[in-house]
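Structures for review follow.
Same chain, two partners: chain A is paired with chain B first, then with chain C.
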Partner chain A sequence: MITNAPVLIVLIPLATALLTPLISYLVPKLMRYLAPLALGTVTLLSGYNLYHVVNHGAWHYHFGGWTPPFGIEFVIDPLSATIAVVVGLVATLVIIFAKSYLPEERENLLKFSLFYVLFLLVATGIFGITLAGDIFTLYVFIEIASIAAYGLLAMGGYKAAVSSFRYVLIGTVGASFYLLAVAFIYANTGSLNMADLSTLLPPLLTDRTMIFAVAILVAGLGIKSALWPMHTWMPDVYTYGPPPAVAFIAGTMTKVFSYVLFRFLYFILGGPGNPVIDTVLFIIGILAAIAILYGSIMAIAQKDFRRMLAYSSVAQISYLPLAMAIGSPAALVGLILQLISHAMTKSLLYMTAGGIDWKTGNVNVTRFNGLYKIMPITCGVFLVAACSMIGLPPTSGFFAKWYLLTGSLSGHQLLFAIVLVISSLLNAIYFLRLLERFFFRTGIDDKIDIQIVRFSVRELPLSMLVPMITMAILIVIVGLGSGYLVDFALQYISPLILGGGGL
Partner chain B sequence: MTIAFLASYVLFWLVAIMYCCGLFGMMQVKNLMRKLMAMNIMQTAIILFYLLLGYKPDAVTPILINGITNPVFYANPLPQALMLTAIVVNLSTTGVALTLLIIIARKYDTLEEDEVLRRMCE
Partner chain C sequence: MEFLIDNRPLWAVLIPLCLSVLILICHHFPNMREFWTLVAAAFKVGIVYSMIPTILAGNVLMSATLELAPGISLCLRADAAGMVFAALASLLWFITSFFSIGYMRSLKELHQTGYYFSFAICLSATMGIAFAGNLLTFIVFFELLTLATYPLVAHHRDQESLKASRRYLVYTIIGGQLTLLGIAFVYYLTGSLEFIPGGFMNTDTASKTVLVIVFLLLLAGPAVKAGLMPFHGWLPSAMVAPTPVSALLHAVAVVKAGCFGIIRMVGYVFGPATMQAIGMDTFLVAIASFTIITASVIALTQNHLKQRLAFSTISQLSYIVLGIGLMNPMTMAAGIFHLFAHGMMKITLFFTAGAIYTKTHDLRINMLSGLGRVMPFTFTAYTICSLGIAGMPFTVGFISKWNILMGAVEDGKLWVIALLLVSAVLTCAYLLSVSYKAFFGKVVPSMQHIKGEPNLLCLFPLLTACFLSLVFGIFPDFAENFYQLAQMAAANIFNGFFGLGG
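Showing the complex of A and B:
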């Protein structure tokens, strides 16, 4: 069984997703534990994968015994294995968190089970994206993740349906751009295998059709990963979607698409040095720099907590293309650290937003005065997440930004370094403003004017608090252990990058 | 000659025009249902594009006939196989989108985008 670990990572959530409606009908009590159990198993398996890959080198899993370029393969290297572990951790913690958020009544059982089905399908898609070694397989997993996400995000009510419909339209344009690029690449090289393409494609990049293919590929993945100015679907979707779903999708999905972009630009297309790729990197670097400033300023202007976090996501996701544009080894280590750190931090922030909404029925930041007295643990957890967002030690966000900054300075990219510093200041403005409301301000006449809609437990139920606290601890651990993490897993990435190509 | 010209040039332009029509329709049309239809046109154009890539005049289905192993006589099966998957993807995207449209139409009683957005803000 363990020799099939790569495919089990995708199969277990898929099979569980298909079984969940049946089990919810037969044994309703079991259903709550099935999805966390499946995702927990998957996390352990991807942990095993990481361990195996770090010790024995990249793992090529061939389907049905067909060897590439004719067969389909999953490629697991330290980079994809690390991301699979992070996605698994976030998914497991968020699905435990989701338990109390969903209705308890038996009549809602179907809806209840549908949430788990779609959640597991999104997880299936995202795991598939991280591991696929084939550009068309990648497309299929992109669509599995996206279609399930459209449904999942539409479960938040009528407004969510409208915003989700717009996401369907824009997301499909992104996916169709990607599919069109695959067609051009296939027509020019006759291959779909990533390792194969990494030798075939770079010499072809002088060709006009291939330049067009690269352009629409980057545009398609840019739409999917919400790169400015293609981010317009994101704020609405993240605001109206159901909080646990948003916590997972905001945490992992856009980041995984940035990772695919990274894979394409640095591994398949050969990385910097080629004039076409240099132009692409320059353009996405400029777009990312604008996105970082725009997203941070827009986040300051928002009153709705969730919308503020969505705009903050617009800014934070753009750190990844920015790091690609900088391109020095330290910046690329920063890219991976930022990916890991932001996946955990953003899902934790959305979990706190969901928790506050659950307890007080309020998402307006101007009415959070003195929340500390009602929800001390949630506010404490939020403090950790906010520190990570701003980039204060010892959280993971600090180390990610540290590597990005040293990378941009050593790469002589002063403009990007300035953008990074300004962005940190802007982040500090909108997070410290919230922290001030949480901890230091009170309402009129020193009375706390926060209403509570759920009295059943003192703060939040244990199934919400435990994932949040675990995530906060993980953020600090990743921060403190970032040096070890770089030595353990990421050092295998940078020589690969510097050598160019080679999956 | 004419068929070769058609296959190598004109058909690709027609598919490109079809794709742009779909994309333009999605941006320009205000009705949500029509937006969805434009999206389908765009997706179909991509399917046709793939099929054209695998098209070869006078080729037969890629099943071994009379022991002929020269690939020149057979059509390329890979684009067709890929497009079977893409058609399923299109179907499910359309299904999800139509479901969302039903929800929107029931709540807001219209599918005109401006009207829906106006009622959403109330």
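Showing the complex of A and C:
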């Protein structure tokens, strides 16, 4: 069984997703534990994968014994294995968190079995995206993840359905662009395998058709990863979607698309040095810099907590394209760290948003004064997450920013370094403003005007608190352990990062 | 000299950090909570002082390290300069802990748990700054200190303190981020972040313009914390915090962390030779001299005692920067020693202000008139330390100022005499006028009900601190050998290696 670990990572959530409606009909109690169990197993398996590839080198898993370029393959290298572990961790913690968020009543059974089904399908898709070894399989998983995500995000009520429909329209355009690019590439090279393409494609990049293919590929993935100005679907969707779903999707999905973009630009298309790729990198670098400033400023202007986080995502996700544009080895390490760090931090932030909403029925930041008295642990983990977002030590966000900063200096991109610093300051404004409300604005006579809508537990149920606390601890551990992370896991990533020197 | 592997610097950082959790847990048991504060403070003093003899023997203690990034580790290392700062902060935390308990209880302040908790974190961060072995470790603790002080400034939770705390954050976070950018620059230029006595940046590393920019970026964070003009705006407004906070943090830990940062940047990153080559020593001297005089003049105009002390702090801190900027082993030693000297005296002054406040609930200077006769001990301590700040012989303040003077004269910079004289006169004017009013003025009608000294938990730490500043004034090498440590640190910087100079 363990020799099939790569495919099990995708199969287990898929099978569980299909079984869930049946089980929810037969043994409703079991259902709540099935999904966490499945995702937990998957996380362990991806941990095993990581262990395996670090010790034995990249793992090429061929479906049905068909060797590429004819068969389908999963490629697990330390980078994709690391990302799979992170996705697994986030998915597991969020699905545990989701348990209490879903209604208790039996008549809603179908609705929340649907939640689990879609959640698991999104996870299936995302795992598939990280591991896929050919670009068409990648497309299939992109569609699985996206379509499931449209449904999942639409479950938050009337407004969610509308905003999710908008996401469907824009997202489908993105996916179609990607598919079109795949078709162009296949027509010109006759291959879909990534390793194969990495030798076939770069010489063809002088061809106009291929340049066009690259352009729509980048546009498609740009839409999917919400790169400014293609981000417009995101704030609404993240605001109105059900919080556990958003915690997972905001944490992982957009990042995985950025990761795909990174794979394409740096591994399949040959990385910087080629004039076409350089132009692409230059453009996404500028867009990312604008996005970082725009997103942060918009976040400051928001009153809705979730919308504030959504705009903060617009800014933070763009760190990844920015790092690609810088392109120096340290910046690429920063990219990976930022990907990991932000996946954890953003999902933690949405979990706190969900927790606060659950307890008080309120998401308006102006009415959070003195929340600390009611929800001390939630406010505590929010503090950790906020530090990570601002980039204050000793959280993972600080070290990601450190690599991005040194990377942009060694890549002679002083402008980007300044953008990063300004972004930190802007983040500080909207997060510290919130922290001030949480902790210090208790009013003169110590009165708190926060409503509590659920009295069943003191703060939040354990199934919500434990994932949040775990995530907060992980953020600090990844921060302090980032040196080891960089040393042990990321040195295997590619000769690109290793060989560039000057880390 | 030797590098010894020893985990005591690490424990000095970790113990308050761990005990702070206990402080938080004992939220509903004030006595237990304060007990843990005292335990943490006592442990820390013990650990820090147990290291002094080894350091004096010319060794450097290195703690087990945690790798933060390839080639850069979270490195804690106790050397002579760090020791002066650590010993000062831990000793004064111990004294302040008693004072805090007396002060907070007699005023029945709210949010005390958060207060003691943040206090412990602050001191842990201060130790981290003192013992940081490289720039990355330094900035980690430097930012932690910023964050941990924020709740203390906002302690009263009213509009004024929230405004002050916001202002504090704006200044310090911008400063911190610029410093971070500077550190990234240093790493990019040299590939190293290790503090090395005598510095590791030199004119071969980069062009002079680049070096100046990097230096200014690095200086931004420490300069804000050290209250160098024009970045001092946060300091007077942060005085809304409870007096023990002003005493320990805004007279000792935070501002001294800034000064100490400048010492590290100048002495251990750039080094005297590079500083002189890029002309930044003159810049430091100019900005310090300007601050010394301007802040003193502003202090004269303040009617609130804490505000006056705040501006006095700003002015005095610049002596440290002046000592560093004059680039002479003697002035450098004086600058480092002034970290200690000023801390000792200023904390006494803030203690007296706090102690008076517990009785009067008013610190406007015209309201304190005549109270010296009601509280003779408190005001005597105030007067002694005021004289000390002005630089009177037989107080600890004299030693640092005398050394700055001697060093400057040795280098032929005679204008420093004039600067010091003017500053001393101004200092006397703004500090002693309070004593004069208190002893010889008429008691204001609304203050006539006040009888007797403040409670013992306030009075005792105050008198101890005052007594210590006299003892160290007469025997600068008494017990902890601060003066010798400062000289060692200066010798290290100018000779370019750790250990005894010569």
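Here, the second predicted complex is superposed on the first by the 491 of 503 C-alpha atoms of A that agree within 3 Å, B and C clash if a C-alpha of one lies under 4 Å from a C-alpha of the other, contacts with A are read in each partner's own complex, and residues count from 1 in each chain.
Keep in mind that, in the parts below, contacts are C-beta pairs under 8 Å (C-beta built on N, C-alpha and C of every residue); 3 or more make two chains touch, one makes a residue touch a chain.
Here the structure is a predicted model, which means the values were calculated and not measured.
Participant: Can A:L392 be said to touch chain B (first), chain C (second), both, or neither?
Facilitator: second
Participant: Taking the superposition as given, does A:L22 touch the first partner, chain B, the second, chain C, both, or neither?
Facilitator: neither
Participant: If you stack the two complexes on chain A, which partner ends up touching A:V173: first (chain B), second (chain C), both, or neither?
Facilitator: The answer is first: A:V173 touches chain B but not chain C.
Participant: Please work out whether A:L462 is in contact with chain B alone, chain C alone, both, or neither, and reply first, second, both or neither.
Facilitator: neither
Participant: On chain A, which partner's contacts cover more residues, chain B's or chain C's?
Facilitator: C
Participant: Looking at the overlay, what does A:Y150 touch: chain B (first), chain C (second), both, or neither?
Facilitator: first
Participant: Quick check on the superposed pair: does A:V453 touch chain B, chain C, both, or neither? Answer first, second, both or neither.
Facilitator: In the superposed model, A:V453 contacts neither chain B nor chain C.
Participant: Let me check the overlay on chain A: which residues of chain A are in contact with chain B and also with chain C?
Facilitator: On chain A, no residue contacts both chain B in one structure and chain C in the other.
Participant: Could you list, by residue number, the parts of chain A that touch chain B in their complex?
Facilitator: 136, 139-140, 143, 147, 150-151, 154, 158-159, 161-162, 164-165, 168-169, 172-173, 175-176, 179-180, 183, 186-187
Participant: State the interface residues of chain A toward chain C in the complex, per the touch definition above.
Facilitator: 387, 392-394, 398-399, 401-403, 405-406, 409-410, 417-418, 421, 424-425, 428, 432, 436, 439-442, 444, 446, 480, 482-484, 486-487, 502-503
Participant: Provide the residue numbers of chain B that touch chain A in the complex, in ascending order.
Facilitator: Within the complex, chain B touches chain A at residues 19, 23, 26, 32, 35-36, 39, 42-43, 46, 49-50, 53, 78-79, 82, 85-86, 89, 92-93, 96-97, 99-101, 103-104, 107-108, 116-117, 120.
Participant: Along chain C, where are the residues that touch chain A in the complex?
Facilitator: Touching chain A from chain C are residues 66-74, 110, 114, 136, 139-141, 143-144, 147, 150-151, 154, 157-158, 162, 165-166, 169, 173-174, 177-178, 180-181, 184-185, 187-188, 191.
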